[in-house]
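Following this line, the structures themselves.
Presented sequentially are two complexes of chain A, the first with chain B as partner and the second with chain C.
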Partner chain A sequence: MPLLTLREAPPERLDFLAVNPLALSGLSQGDAERLVVGTTRRGLVLGDCFTVKLDGSDTLTIAGGHARLDRVGASLTEGAIRVEGDVGQRLGAGMTGGTLTVTGNAGPFAGSGATGGTIRIEGDAGDHAGGAVHAAKVGLDGATLVIRGSAGDCLGDSMRRGLIVVERAGAFAGARMIAGTIAAGTVGDHPGYGMRRGTLVVGGHGALMPTFVETGALDLVYLRLLAKSLRPLSARHADLLSGAPKRYSGDLATIGKGELWVAA
Partner chain B sequence: MAEMTHLTLNGIPVEDTFAEAFDVAGTALIVTNDTARWAMIAATVMTGFATSVIGCGAEAGIDAELSPEETPDGRPGVRILLFGFEPNGLKDQLIKRVGQCILTCPGTAAYAGVDGPTKIKLGGAIRYFGDGFAVAKRLPDATGRTRRYWRIPVMDGEFLCEDFVRAVDGAVGGGNLLFLGRTHADTLKVAEIAVEAAAAVPGAILPFPGGIVRSGSKVGGRTKGMMASTNDAYCPTLKGRAGSKLPTECNVVLEIVIDALTSQGVSDSMRAALHAATEVGAAHGLVAVTAGNYGGNLGRHHYHLRDLIAKEA
Partner chain C sequence: MAAWVKGGATDADAAVQAAAALLSSAHAPVFAGLNAEVAAIRAAYDLAGRIGASVDTAGGDATYADLGALARVGAMQAPPAEVVGRADAVLLVGVAPGRSPLVERLRATKPVRGRAAGAERRILSLPAGSDLAVAIAHLRAHARGHLTSDAGMMETARALSSALYGAVLYDPGELGTLGIEMLQGLVMDLNEATRCFALSLSDGGQDRAALQVAAWTTGQATRVGFGRRVPEQDPWRFDADRQAEAGEADAALWLASLPTARPAWLKTLPTVALVGSDAAPDLAEVVIRVGEPGREVGGVLWNEGRAGLSYRAPEQAGDLPAAADIIARIAAAVAGRGAVANRKDA
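And then the complex of A and B:
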């Protein structure tokens, strides 16, 4: 298993876009150590901060994460990356496949624009997890994002496709959603602000906007399929849909084809 | 008739001939409901008036009842098979039948029931009934493969319908057996037993009423313009005329017709029916078993009864 071991705290933010198991498998030890990961004029390379051990397999372990490691797994297409520690912003941004696991916390914009694969964050995620970066049209775009801890504000902002499972989320969860699904133990104020389509499933929520209208406690066939798809990721989130959850339709300030399900 | 019989099975003469069948487009649909009863109501209505492609546009039947564990949404369900001449005609019939019989039926949802090379748009067409309020949802199924569903608002909640189904390659329509009997009641009983055995084969249906057809046909007719007319060679009232194939003791002929998703399905189903019918044949006055063909030039698939007499292929 290829292994990157952090030797010391990076002196600047690092961009890990070029680091993935597939790319490393084609590099010699020297070339891998000379991969440029710095973001300043200093020209920091991978070998400056990490001990590099290669073996060509498709699972990369980064032992010792740091909040300055940005875009970890952003170019992942297959295989797996496991980070033992924290990561910085844009974790797995734009990734198209594979499995990305972070045992610590992630910075903002985790999973932004990711079209495939699964991202797991064992700790907390920052603001805009699964959300669109500034000036981008879409956030999460087909990947699955699982956050075991809590997420910040604007979770899944402008997400277009895919699934987010989170324990707790801040305000404006699912804001401006184009489509997709978010399942959360609890969310803060104004969930689904400006959402067009998409599904929010929550155990509890903060203040709701007046542009969400209650449509009753409905037992739809769709909920069975949704619960089935959630169960492998989190049985607790799947159970939010049992009983007869209360449905709100919104955001009626937009086309209003989104929905908020609140556990019974 | 008598001079052509060279074979016997369980003491019943079996004519040494073949059933001639055709390549058709076939698909499967799973319909589910909160109760098995309502799933069956939906399936029965959808497969109604679907005995012959020529007159009904499609041939359809119920393949199997499904337990909640076997359906995508964990509710009781029914697997329907639908056959047409070609995928476009099948699509037209599928949309009409789902639109009129499944969409309308309280509580029913519809899913693709078979994999195959040809996509047939289903929910993606019916969604227009939702008048712009319908939404699509992609969800992974039990195997992890993502499937797309349409959720169409209706008065009891939502009609959930898979975006598309698939038509299989290699579906065959028109496998058949003819049972020559002495009395109507006895021959019907033999045919019923044959239908039960034939229908038990997975992926095979018998589209006629109760699986049985009494008006077997030949190609063309004496009246100008008739594409098909009565199979006079097997009509008991026409016995004794030139061309009649019925022995004097035969007073009734009933036919079963089989469509299946594979040629093997037709063959298995015919074999099961032939064995089941001949086993009870002696007790019910069965005179002989034969099969219908058009001389072998119209259909690509020939199922020789000689080959079906062996228990296994």
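And then the complex of A and C:
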């Protein structure tokens, strides 16, 4: 198992776009240590901050994360990366496959534009988890994002496809959603701001938008199918759909084909 | 020329050399403020590119609130002169537009051009309430006919849809990018049947001038970093306040030849401050007094009314240096120290 061990806190933000199991498998020890990861005029390389052990397998472990490690697992296509610690912004951005696990917290924009694979964050995620970065049309786009702790504001902003499971989320969860599913223990104020389509399932919520209207407490076959798909990821979230949850339709400021399910 | 290094008065050459030493020794310098004339902003981008600095503007958050919506859904904008000349219905969104001098002009005049020429002008307002972005969404739902429950919203929606030329005034910093995207959606909905435009009111700074310079210099908007030689735009990473707070920046150049609200980090981060009439010795580690454009020196500034760049001659001739000249001298001194070629990845 290739192993990167952080020697000391990085003096600047590092860009890990080029550090993944597939890329490392084709490199010699020296070439891997010379991978440029710095983002300032220092010109830092991987070997400046990490001890590097390679073995060509497809699971990379980063022992000792840091909030300055940006784009960990970004554009990942296969294999797995496990970070024992925190990561910075854009965790798994644009990934198409594989598995990412972070035992600590993640910065903003985790899973932005990710079309496949699974991202697990054991701690908290920053703002815009599964959300769109500046000027991007979409946020999460097909991948699965599981956050065991809290997410910041604008969770799943402009998400287009895929699934987010989160314990707690801040304000404007599911803002500008195009499609996809978010299941949350609780969300903050104004969930689903400007959403066009998509599904939010919540156990509790803050202030609701005046542009969401209640359409009744419903027990639909579709909800049981959704619960079945959620259960392997989180039984607690699947249980939110038991009974007859209350359904709100919105956002009526747009085409209003989104839905917010509130647990009974 | 007035200049100070660590609070002590000094001459121009010593201050420029001190500034060059400070910036040359930094690994991740930040250039912030950029509330200045176009020549100075150009010089700042040029020096930032040479030493691998990142750049941010004083009104960066508001600028990116507008740009975020523009990049996603586009914008239907009108300049102030058009709104004054043509609008028969004006909606003020939130509190900030009420403080704009433009509103006084709109109240005092009538439309004189276009379809609404000679008509009475109606000034409407959308109160801030608990959340302005939510209020805009509520109004848009009524304008689309999806809701009819709120009489006040219905009245405002009717006034805009029955106007011949509507205008919606907002402050991007107050409304935020979610609200602006919703507002642009409202304006686009109204344009299905009539004419309506948005007007983003700036805070009076030179962010829009910096935006033009950044676009023609880097191909990107204002918040770019040159740490990896090529300009990279990242509004989160290159937010100067965030970088200072996170301890990522190790030096700064504060460019504000026009009066500008100062960030708290000026005194904690080693900073070279190029400031106009509000210069003070203890403002930063190195302070150089530069001419204020349009008053003490000539310079190209953003013309709010015309929404374009125009030259402003000085009101009185003086011997104060232009900020662009000082930055050019700092750049020459930095090059002389070999800092430009002294990169590990050079």
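Just a few scattered comments:
One rule holds for everything that comes next: the second predicted complex is superposed on the first by the 264 of 264 C-alpha atoms of A that agree within 3 Å, B and C clash if a C-alpha of one lies under 4 Å from a C-alpha of the other, contacts with A are read in each partner's own complex, and residues count from 1 in each chain.
Note that a contact is a pair of C-beta atoms (placed from the backbone, for glycine too) under 8 Å apart; a residue touches a chain by one contact, two chains touch by 3 or more.
The structure displayed is predicted, hence computed values, not measured ones.
Partners chain B and chain C, brought together by superposition on chain A, fit side by side with no clash.
Here the apex is the CA centre of chain A, and the angle it makes with the centres of chain B and chain C after alignment on chain A is 130°, in steps of 10. In the superposed pair of complexes, A:Leu226 makes contact with chain B only, with no contact to chain C. With both structures placed on the common chain, the touch criterion links A:Thr199 to chain B but leaves chain C unconnected. By the touch criterion defined above, A:Asn20 lies against neither chain B nor chain C after alignment on the C-alpha atoms of chain A.
By the touch criterion defined above, A:Lys257 reaches chain B but does not reach chain C. Legend: residue contacts after superposition of the two complexes on their common chain; A:Ser150 is shown touching neither chain B nor chain C.
When the two complexes are overlaid on their common chain A, residue A:His134 makes contact with chain C while staying clear of chain B. Of all C-alpha pairs linking chain B and chain C after the chain A fit, the shortest spans 14 Å.
Put simply, chain A touches chain C in their complex at residues 11-13, 36, 38-43, 68, 70, 89, 108-109, 132-135, 137, 154, 158, 172, 175-176, 189-190, 193-194, 207, 209-211, 251-254, 256. Taken in their complex, chain B has these residues touching chain A: 32, 72-75, 107, 109, 133, 135-140, 142, 149, 151, 157-158, 160. For chain A in complex with chain B, the residues that touch the partner chain are 161, 179, 181, 197, 199, 218-222, 224-226, 228-229, 257.
Against chain A, the residues of chain C that register as touching in their complex are 27-28, 51-52, 64, 67-68, 71-72, 130-131, 133-134, 136-138, 140-141, 144, 146-147, 150, 178, 181-182, 185, 225, 227-228, 233-237, 248, 343-345.
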